[in-house]
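One chain, subunit A, appears in both complexes that follow, with subunit B as partner in the first and subunit C in the second.
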Partner chain A sequence: MRRYFGRKLLVYGLTFFVAVTVNWMIPRFMPGDPVQSMLSRANVAQPAAVEAMRVHYTAMFGFDLPLWRQYLNFWGSLLRGDLGISIWLFPTPVTDVIVRAVPYTLGLLIPSILLSWVAGNRFGAFAARRKWLDNTVLPLGYVLTATPYMWLAILLAWALGIIAGIFPVAGAYGFDLQPSWSWEFVGSLAQHWFLPFASLFLVAFGGWAIGMRNMIIYELEADYVNYLRALGAPTRLVRRYAFRNAILPQVTGLALQLGVLVAGALVTEIVFSYPGLGHLILQAIQNQDFFLLQGTFLFIVIGVLIANFVIDIAYVLVDPRTRTGMGEAA
Partner chain B sequence: MRSEALHFALRNRKLVVGTVVITVFLVAGVVGPMTIGHKPADYVGPAMAPPSGEFWFGTTTFGQDVFAQFLYGLRSTFLVGVLGGVLASVVGMVVGFVAGYRGGWVDELLTMVTNIVLVLPALVVLLIVNAYLGVRSVGVQALFIGLTSWPWAARAIRAQTFSLRSRDFVDLARLSGVRTPKIILREIAPNMSSYLFLTFILLFGSAILIAASLDFIGLGPTDSVSLGLMLNNAARWSALQLGMWWWFVPPGAGITAIVGALYVMNVGLDEVFNPKLREM
Partner chain C sequence: MALKVTDLRVYYRTLRGEVKALDGVTFSVADGEIMGLAGESGSGKSTLAKSLIRLDGRMRHAGGTVELDGRELPIADDRAMDEFRFREVSLIPQYSMSALNPTRKIGKMVGELLAARGVPDGTAELERRLELVGLSKDVLGRYPIELSGGMKQRVVMVVSTLLDPSLLIADEVTSALDVSSQKAVATTLLGFRDHGLVTSMMVVTHDISLVYQIADTILVMYAGRLAEKAPAEVLVTAPRHPYTRQLVAALPEVGVRYEDRRLTGIPGNPPSLLDPPGGCRFRDRCPLAFEQCAEQPPFAEVAPGHLVACWKAE
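This part shows the complex of A and B:
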């Protein structure tokens, strides 16, 4: 078990290293000149002012130093928590901008991931090999899991927000409110939270339900199931054993799907102008704010790594084989 | 054997439905744009017109033909899916076969690389890469999607190769002096060809979805129209608030139909290849 966690941590450490290196390399080795595009966005006419800005931006990236020095400096400022100054919200440090947005993204992601995983697995296991459920609800599951996150979000916003007028479609709370711990504010927060949450939940739910249904069908063909049936075990007991075996790949699947789920949250936030990381990314791209974009990237990578580690711990708790060291976990 | 697979394929409703849907959209994307006299970005009609006999899917705020954009968009969607899917499959197969067949330190190294790319969230990496690219084309988009979405395929293929490599027929080939690349191509790959095809279909679908998200965020191709870009434009120009449903419903429905059909096809094929899964 120590070996298991050791390997995992090694992979995560290396991934972080690669992510930082990629983050450092892209502005320097991709075609295109970030300083130039920032200058053209600023749209200043005076040549003297443009020159001053060029010097300033070049120094901010550190382009005037030798490459190895740039790389070391990049790590140095990263370890001090310094990700640069945002251009969109000048002169707020990027770290502050991101820290303010993270709670909104987590507030959407964590409930939608956990609830869709639990509900989807239960429902998928229930639907497997039950004729009418299998034939009516599963096509729906396929449609849901194939739906682009932003499209379902747009449809929900249009149907329930614009036409029915039940839910607001922009922001995280009413424009007339200030963040506080009053009932009014919390209620407004919940109201604005519901639609983005629902669209994330529904798409993910479809995927988990189908995955579980297919796993259960595999399991119900296994030898141990035939043996139990031959012994005359009740169907409920057989299904319970099948479920416990089928849940393991779904835990691994959760780790594999994390990237897709995060991506889904980003585009959903953009649809609803929800002030989380997705909104930041949109602003960063529209304002050519490369520091903000790169900072957000690092934050997301760190978040995904932590989540992966939590899932690894969960896997050990669910699968007794990793605990006793009988099998090599995937 | 081949006719048996065909027998079950034609009787598998999922496979038939999925294939029909894909074919219809493929034909629409390939042939459709030729039947339209104008370019998708041309201002050809009245602004904000709802669907009518002349403009089947209505027009945008600027009087562009949504139906024309849809047909051209289907074309880029298929292009990105096929190119991205093929590239990801090829990388996944090479890494998976080599790691699974060679074993030892080669396997350790490749598995490590696979795990690292697997943990990195693909879309976020693509965001950074595309943001720094000034000019973006469908081809370049597909290239980067292919380069980031192969890891799970590599892992699955490695596991399959692992279980095949110690079979008698592989040992026999090795003993008769057949070289490694040939063993992989002639002995191992054909025995998991159905699996490889299923992997490709899933990568195809996920490439389409990733491309749509990128386009929606505003990092789509700068030189052509795509279904994701249509959604992006619709959202940017407040089609939602103006009630212009004909602008944002078709592109999303197109993506959903194509990807959904691919997934359903995948399950259908799985049932055809795997007798245990066939409905009794």
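This part shows the complex of A and C:
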């Protein structure tokens, strides 16, 4: 058991290291010069002043150092929890910018991932044994799961937001409100949350339902099911076992899909101007904000790694076969 | 008379029509009898075995009756059959290695199965019977993956016979095992009968030499029909149906070196059961065939306990 988790932690540690390195590299090798864009934003006419500002900014962000030095400094400050200062929202620290955006992204992601997984699995298992559902609703599932997130998001925004006018289509709360713990604010929050949530939920739901439907049909043909049936086990018991075994690949699927779901959430946030991490990434790219981009990616990488680790643990709990394997070969 | 099968017909639904895998089969198995059921693949022996406990989705009960201890088995009605399964008719499947739910501890799985079948507490009896086949009760706390193939086989045999069924069907139980395990399984099956855990038994196999060691009688099938039934000794030493004769002659003999003599086979192939020819189905391959064979011979008793479906078996 300890060796298994030790090895897992090592793999996660390595992944983290590589991901952070790539994160650091991407903005630096992107075309464009962030200091230049800050200078042009400052709108100073005197060449001497511009030069002085350039030297000041370059030194402040550490761009005058050789690349390897920058890289080491980056790790150093990262370990101190310092992600640098945002260029776009200068001089707010990147950590603050991210901490403000994270609740919105998590508020979208966690419910949509978990609810779609649970509901999709239940529905898929249910549809697998009803011909009419299998023939009517599941084809819809194929359409849903093949739909790109942002396309469904745009469609929902257009139909429910613009045509029907039920839901607002931009922001996380009304433009006339300040964040507070009033009913009015919470209500507005929920209203703005619904459409991005629904588009994430629906796409993922279709995928899980189809996966589960196929797995259940496969499991109901398995030898242990035939044996139980031959011994007269009631349908309820057989289905319970089949569901329990069919859920295993779905757990693995969740781990594999996590990255895709996060990416989907980021695009969806952009469609709805939802002030989460996806929105930050877009702004960071548009403003050549290395540090913000780096920080946001880093945060996403950590999030996905942690979630995967949790799923790894969960898998050990639900599948006895992984546990027995840990004794020797693992 | 423990089991009485009368004119049983079971067809497979396929896209090209109905395959008559079991086409009018009549026989009986006495109390305490171990009957070997032999035949080549496609002869209908597995279909017969399955029909007695659970028809699968493609199978259709086309006629005939099955009677067990004087009660008719509702073999076409999956729901009504549940009452008889496990208690009256039980099965040791071909796939013992994968017959147990991989994500449940064995003891828990059996407990849930028994509870679902309305058996209050079978744990003590289960442990006792595991001991009989040389397993400690620790296996109940393990997952199937933690057992060896032979152990799984024995667990399945114990579970299947737990409710003392009147008829036990062992479907090709030894085909996936090595020779030494085959012997052990055969001995265990005999033990079940001798301890009175099961009343009668049907051992389906394509291995006549194995079934000969444990069976009291052997029933040979060919192309969906019965060819011959006789006491095991008689069937192997003095078979009367030309198919059985050739089948037995094709078995390798112990102590004979096959360097100079080639093993013989039966030339030709069995007919398609999609649209089988009338009359005796073996006649195209039969060295003794004559005009009367265009008519189906009855499965008639030629000596006490010896039944043959052949015009020339006198």
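The working rule: the second predicted complex is superposed on the first by the 275 of 330 C-alpha atoms of A that agree within 3 Å, B and C clash if a C-alpha of one lies under 4 Å from a C-alpha of the other, contacts with A are read in each partner's own complex, and residues count from 1 in each chain.
Criterion: a contact is a pair of C-beta atoms (placed from the backbone, for glycine too) under 8 Å apart; a residue touches a chain by one contact, two chains touch by 3 or more.
Computed from a predicted model, the values in this text were never measured in an experiment.
Superposition of the two complexes onto subunit A shows subunit B and subunit C fitting side by side, with no clash.
Contacts of A:98 after superposition on the shared chain: neither subunit B nor subunit C is touched. Look at A:319: by the touch rule set out above, it reaches subunit C but stays clear of subunit B.
By the touch criterion stated above, A:37 is placed in contact with subunit B alone, subunit C being left untouched.
By the touch criterion stated above, A:23 is placed in contact with subunit B alone, subunit C being left untouched. Of the two partners, subunit B and subunit C, it is B that touches more residues of subunit A. Legend: residue contacts after superposition of the two complexes on their common chain; A:266 is shown touching subunit B, with no touch to subunit C. Once chain A of one complex is fitted onto chain A of the other, the partner contacts of A:172 are absent, as it touches neither subunit B nor subunit C.
Superposition on the common chain places the nearest Cα atoms of subunit B and subunit C 8 Å from each other.
In the superposition on chain A, none of the residues of subunit A is touched both by subunit B in one structure and by subunit C in the other.
Put simply, subunit A touches subunit C in their complex at residues 222-224, 226-234, 236-237, 241, 244-245, 248, 318-321, 324.
On subunit A, the positions that touch subunit B within their shared complex are 11-12, 14-15, 18-19, 22-23, 26-27, 30-32, 34, 37, 139, 142-143, 145-152, 154-155, 157-158, 162-163, 169, 210, 214, 217-218, 221, 256, 258-260, 262-264, 266-267, 270-271, 281-282, 284-286, 290, 293-294, 296-297, 300-301, 304-305, 308, 330. On the side of subunit C, the complex with subunit A involves touching residues 53-54, 81-87, 90-91, 93, 95, 98-105, 112-113, 116-117, 143, 145-146, 156, 159-160.
Note for the complex: subunit B touches subunit A at residues 112, 115-116, 118-125, 127-129, 131-134, 152, 155, 205-206, 209-210, 212-213, 216-219, 228, 231, 234-235, 240-241, 243, 245, 248-249, 251-253, 255-260, 262-264, 267, 276-277.
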